[in-house]
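Below is one structure, written out as structure tokens; the observations come after it.
Residue numbering begins at 1 within each chain, and the chains themselves are lettered A, B, C and D in the order written.
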Amino acid sequence: MSSNFVDDSAILTVNQLSKSFGGVKAVNNLSFSVKENNIHAIIGPNGAGKSTLFNLITGVITPDTGEIKLSNQDITSLRPDKIAERGVSRTFQNIRLFPDMTVFETVLIGTYLMTGGKLLPAVFRTKSFRNKEREAKERIEEILKFVGLWDMRHEYAARLSYGNQRRVEIARALATNPDLLLLDEPTAGMNQQETKELMQLFSQVNNQGITILIIAHDMHLVNTLSNQITVINFGEKLVEGPPEMIQNHPAVLEAYMGRAEANA
Amino acid sequence: MFIDQLINGIVLGSIYALMAIGYTMVWNVLRFINFAHGEVYMGGAFVSLYLLLLDTPIWLAYLGGVCAGALLGYLMEKMVYMRMRNAPKLNLLIAAIGISIVLQNLAQYIWGATPERLTSPFLSKNIAVGDMLINQHYIFIIILTILVMIVLELFINRTLMGKAVQAASQNIKATQLMGINANKIISITFAIGSAVGALAGILVGPVFLVYPTMGVFAGLKGFTASVMGGMGNIPGAMIAGLLLGVIESFAAGFISSGYRDAVAMVILLFILLVRPQGIFGKIVQQKV
Amino acid sequence: MVFSKSLIAKKMFMFLVLAVLLVGCSATNSSSGNSDSSSKSSDTLKVGLQAPMTGDNAQYGQDMKNGVELAFKKINKDGGINGKKLELIVGDDKATPSEAVAVVNKMIMNDGVKAIIGGYNSSPTLAAQDVSGPAKVLHLNMGASPDLSKTGNKYLFRVILTGSVYVPAVMKYMAEEKKVKKIAALFENTDYGITMYDAAKVSTKELGVEFIAAEKYNPGDKNFSAQLSKIKTLNADAVMVVGLYNEVALIEQQAKQAGLNIQFFSPDDSMYSEQLIKLGGDAVENHIFASMIDLNAETPEMTEFKKLAEENNTPAQANTAIAYDAAMALAKALTEGDGDTDKSRDALAKIKYQGITGPIKFDENGDRANTPMIMQVQKGDFKVIKESE
Amino acid sequence: MELIKRSAFRKSVLLLGGIALFLLPLGIVNPYFMYIINLILIYAILALGLDLIVGYTGQVSVGHGAFFGIGAYVAAILAKNLGFSLWLTLPFSIIITAVIGLIIGFIGLKLIEEYLVMATLAFGTIIWLVFLNWTDLTGGPMGIAGISAPPTITLGTLQFPFIQYHDYYPLLLIFVYLGILITRLIIKSGFGRACTAIRDDELAAQAMGIPVFKTKVIMFTISAAFCGAAGALYAHFLHVVSPETFAFGMSVTILTMVMIGGQGSITGAIIGAAILTVSSEALRETPELRMLIYGFLIVIMIMFFPKGIMGLFQISKQRLLKKSIQVEKNVVEKEGLSYEQ
């Protein structure tokens, strides 16, 4: 397959990706790449195919055509857990927490890749098993302190405020030690204060060397946070570039008018 | 032997088809498997039997059984399932299993466990077709099944109520929003499905007898047929029922009669794994 | 939250303690209850009935229960067993081996029965006598399988005839009187069906007949079309059905529906019940079988039994009579043994009692030594067509 | 410090209680009670096993009666035909049941929710029909009787023969403890947590790198192995096996134990086993009413106490409320997802 994007510094390369549902093209011949250590935003009106794109990248659904590469390794059509294993973690548009678990327990799930989930060592409680468990718990302490939830670690995650639930989700994603973090409209439904705090958190995460790919509606957030923006509409790429360029691009304004004005 | 088995298969298949309708209709509106449907089949047959004991004219007794079946389905819905609308599917399933245990044993408590024969005006007569003898009751079963299928098709496609049921099976919540009383639709669905199930039990009564556990395997087979036909697909369920009956009869005749009931189960597993939408099913979107 | 978690743990622990206490209490209660009943046991003596009370075979269990109850009523009215009243403990074995073991366990250990009447079916009885034998509990069963003679359990007696007596009698009749040559067998896939078929095969050479088919079915089956259409293609002279009334009635009905008009016969009287005629109707007409009892016999015992049954509003069925006999014989043995199990056993082994089903005496295997008669269904009734020899 | 003390106290109390339970037979005279308690222990192993897949992993099976049966029949056949003792039949039962569980899990667990229920139902029925019809091997409807008791255990000069029901109790109790221990070790590990995550949200679990299908299959296999072990113990305890024991009704009974006790709880599984065993024995006196009452109990419990008895111990009503909101949300989300597709 001919590749338009051969970029060694790209952590994620999406090449001519297409997916349709019952004749409707949700993603249509889409190509773009995400550079390492960037905060890359994907914006577009409702139904533009952003969430479908995330589901394709994380393997929840498989594309009809096209390829997805992670640091030049083909991950197209891999299972979601295999993709997670290669360092891609995500949050969901509608927060998906485990209803029966405390904050600590929830984030502990994120350490699955670290502890391995092997059965026999668990039953015999081998030394390496105990070491890994201890390391996992230390790592969670670190993460929870980092996202500011340490004091709430014994609360049931589903009982926290919306903003804090999102933090739990992010903490859980961080616990998998990702290189690339996918955030699907992380600030939707948050108040201004929460949004501001979350944005700070995202920069901090990014400062730790984690590349972020973020779907957002909030233009303000996108403009201040990201250093690269891809605008998509009807599953196709409209335009791509740094925020300054996107802000004033006529095609974007046309497709995105209402919201751009509202948030200006 | 071939023709013998074919006729047996079609007769059995008619019964399975009637049973499958009940499963499929309930699935349509509630997306759940009413495991107690087999007990409606048994209940209808028992009520007919009881009415006959009271010297009720035979057609009236049959009709009474069908009505009782409908009532049983309706009550099941009203007393248990309706109160569990927000419960997880698994809980509904277990409630259904509980109901089925209750009804089986209630029947045994009232009427005893001894199998009884339901009378039929046709049972003792055979019709000669060429050098084949076919029992009149068998022909009665086949004709009635076809009749019920036609009536049901007409009801669903030609009447307002039928259309409401159809709409409900597309989306029960939207139906409710449109001002149709969803609970009423569900009740009617239960009543019709159960009436057809009870009819199946009454038709079988003269051939395979009436006893408290008669619904267990009939239920499983009807349910298998409804899966074969594609859950929620009424014409599919009817054809699949017939097919299942024929396959089962041939398997019993030519392979082993002990594994007669296993045939349906193997088909069920196979369909679930290879074609979960059923043989004739439209593809139902699986949730991610 | 940490606190509430340990609270849950505490509650759980309390619950466990409570549960243990409860179990303990009920246990001590029952042991004291036992001592109560032992003081009470001076005036009652418990006997268990192991029979199918639910499921397809429930009619047999009910008939047996009726018979035993009739007998106990009469015995208790006449002063009981040396002054002790007989009390019946009913245990439902559901005609299955593991349930039989469970109920017999319960009757012996919890209720302390001194003897057990039943079961009706061979397989459950074979399994249950493994429990009653070591516990030295008299077990008077009604299974037909010849295997029940081979258990070596000296507390096990059989109040009906063994299959190895029934089978030759009916085979001989079919060969000599009905001139049957080719027989198709259709039997229950249980100890009873298989051993009866095996016993029938033994006599074929001598009589010059042969089995041309051996079809099986499982107890509770309702659809016999597969077996019957196979038999239909074979042109047999007769079909031997080994089974209980449900299946026999259905088989003959379905045979008729399939256009298979042939002589049916059974080696024993397991289907001897009004239910056979009620279910089978015209289809069971002419069915031939070997029987140990004729309900139309005009013996004084039968007359008395029928009168008793009528007084108590109990239907007088074959199995009611057999169970009645078993209970009467047991009572006689218990009276002679006077509370001692081994004495009662010896008394039963040597018993001579004229019952409704003829003289009751047991051979060294605990089997009856009578010979059967041949009966036939005629005009909806059971008629003797050949007296016992 | 406070915390450690508390948990140490808890542990020692549990340990003492656990040891004290061994003394239970001393207080029970009636062998029939002992028989029932032993049955409870066997059912407890079954319920623990089923809870692993239903309660902890969220995959409902109505076919586990068949695994129980396979374990029992393997033990019975080996004991009868090859003269194996419990110590030899038990590993065979466990391994064979586990292998069959692995195969069935591998085939069936690709299905979700109702479809999985149907598939396990079909599987269970097929296995039951095999028990019933493979007369040469399984004895057909007659079953297999005369299965040997476990061999006498000799510890130094002490001998522990298996004659009365009192003798079986310590052995069965040890197996129940073993079951509890293994269950706990599994749950409190990355693997066990992965299962819980799958139960609560498959999609989120998978996004965390959990191989959903593999994890389910492994847990299903372990669950089957538990039932296999219970089967072998049952065969050597009751000395007889016959097919109807392992029909659909058994699968339902085990599931009901788990539901009534409370899913995803070790204590719940054991309480469920105890309640169902005791109630079905207590209702034996009234054979016609026994199953009737049993059925009513199931319906009432599931309607009004769907969280089972352990659910009553959950202190916070608010939590339940929150949970139902969350469940609702998940549903909406799922529908949203499928709609988008």
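Operating definition for what follows: contacts are C-beta pairs under 8 Å (C-beta built on N, C-alpha and C of every residue); 3 or more make two chains touch, one makes a residue touch a chain.
Since this is a predicted model, take the numbers as computed values, not measurements.
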Pieces of the assembly without chain C, by contact: one piece
By mean Cα position, the chain sitting nearest the middle: D
Identity of the chain that, by mean CA position, is farthest from chain D: A
Inter-chain centre distance, chain A versus chain C - centres from mean C-alpha coordinates, in Å: 72
Distance from the mean Cα position of chain D to that of chain A, given in whole angstrom: 40
Separation of chain C from chain D, taking each centre as the mean of its C-alpha atoms, in whole Å: 35
Chain centre separation (chain B, chain D; CA means) in Å: 32
Multi-partner residues of chain B (each touching 2 or more other chains): 108, 258, 288
Contacts with two or more other chains, residues of chain A listed in rising order: 60-61
Where chain C touches two or more other chains, by residue: 2, 54, 189, 216, 218
Chain B partner contacts - residues on chain D that touch it in the complex: 60, 107-108, 110-115, 117-119, 121-123, 125-126, 129-130, 132-133, 203, 248, 252, 255-256, 259, 288-292, 294-299, 302-303, 306, 324, 327, 334-335, 337-338, 341
Parts of chain D lying in touch with chain C, wherever the complex brings them together: 3, 6-7, 10, 13-14, 17, 20-21, 24, 27-33, 35, 37, 132-133, 135, 140-143, 145-146, 165, 238-242, 244-245, 267, 271, 274, 281, 284, 287-288, 291, 313-316
Touching residues (chain side chain B, partner chain C) in the complex: 1, 4-5, 8, 12, 108, 112-117, 123-124, 126, 132-133, 135, 137-138, 207-209, 211, 213-214, 249, 252-253, 257-258, 260
Chain D-touching residues of chain B, taken from the complex the two chains share: 31-33, 80, 83-84, 86-91, 93-95, 97-106, 108-109, 216, 220, 223-224, 227, 256, 258-259, 261-262, 265-266, 268-269, 272-273, 276, 285-288
Interface residues, chain C side, partner chain B - complex: 54-56, 58-59, 62, 189, 215-218, 221-227, 229-230, 232-233, 246, 249-250, 253-254, 257-259, 275, 278-279, 281-282
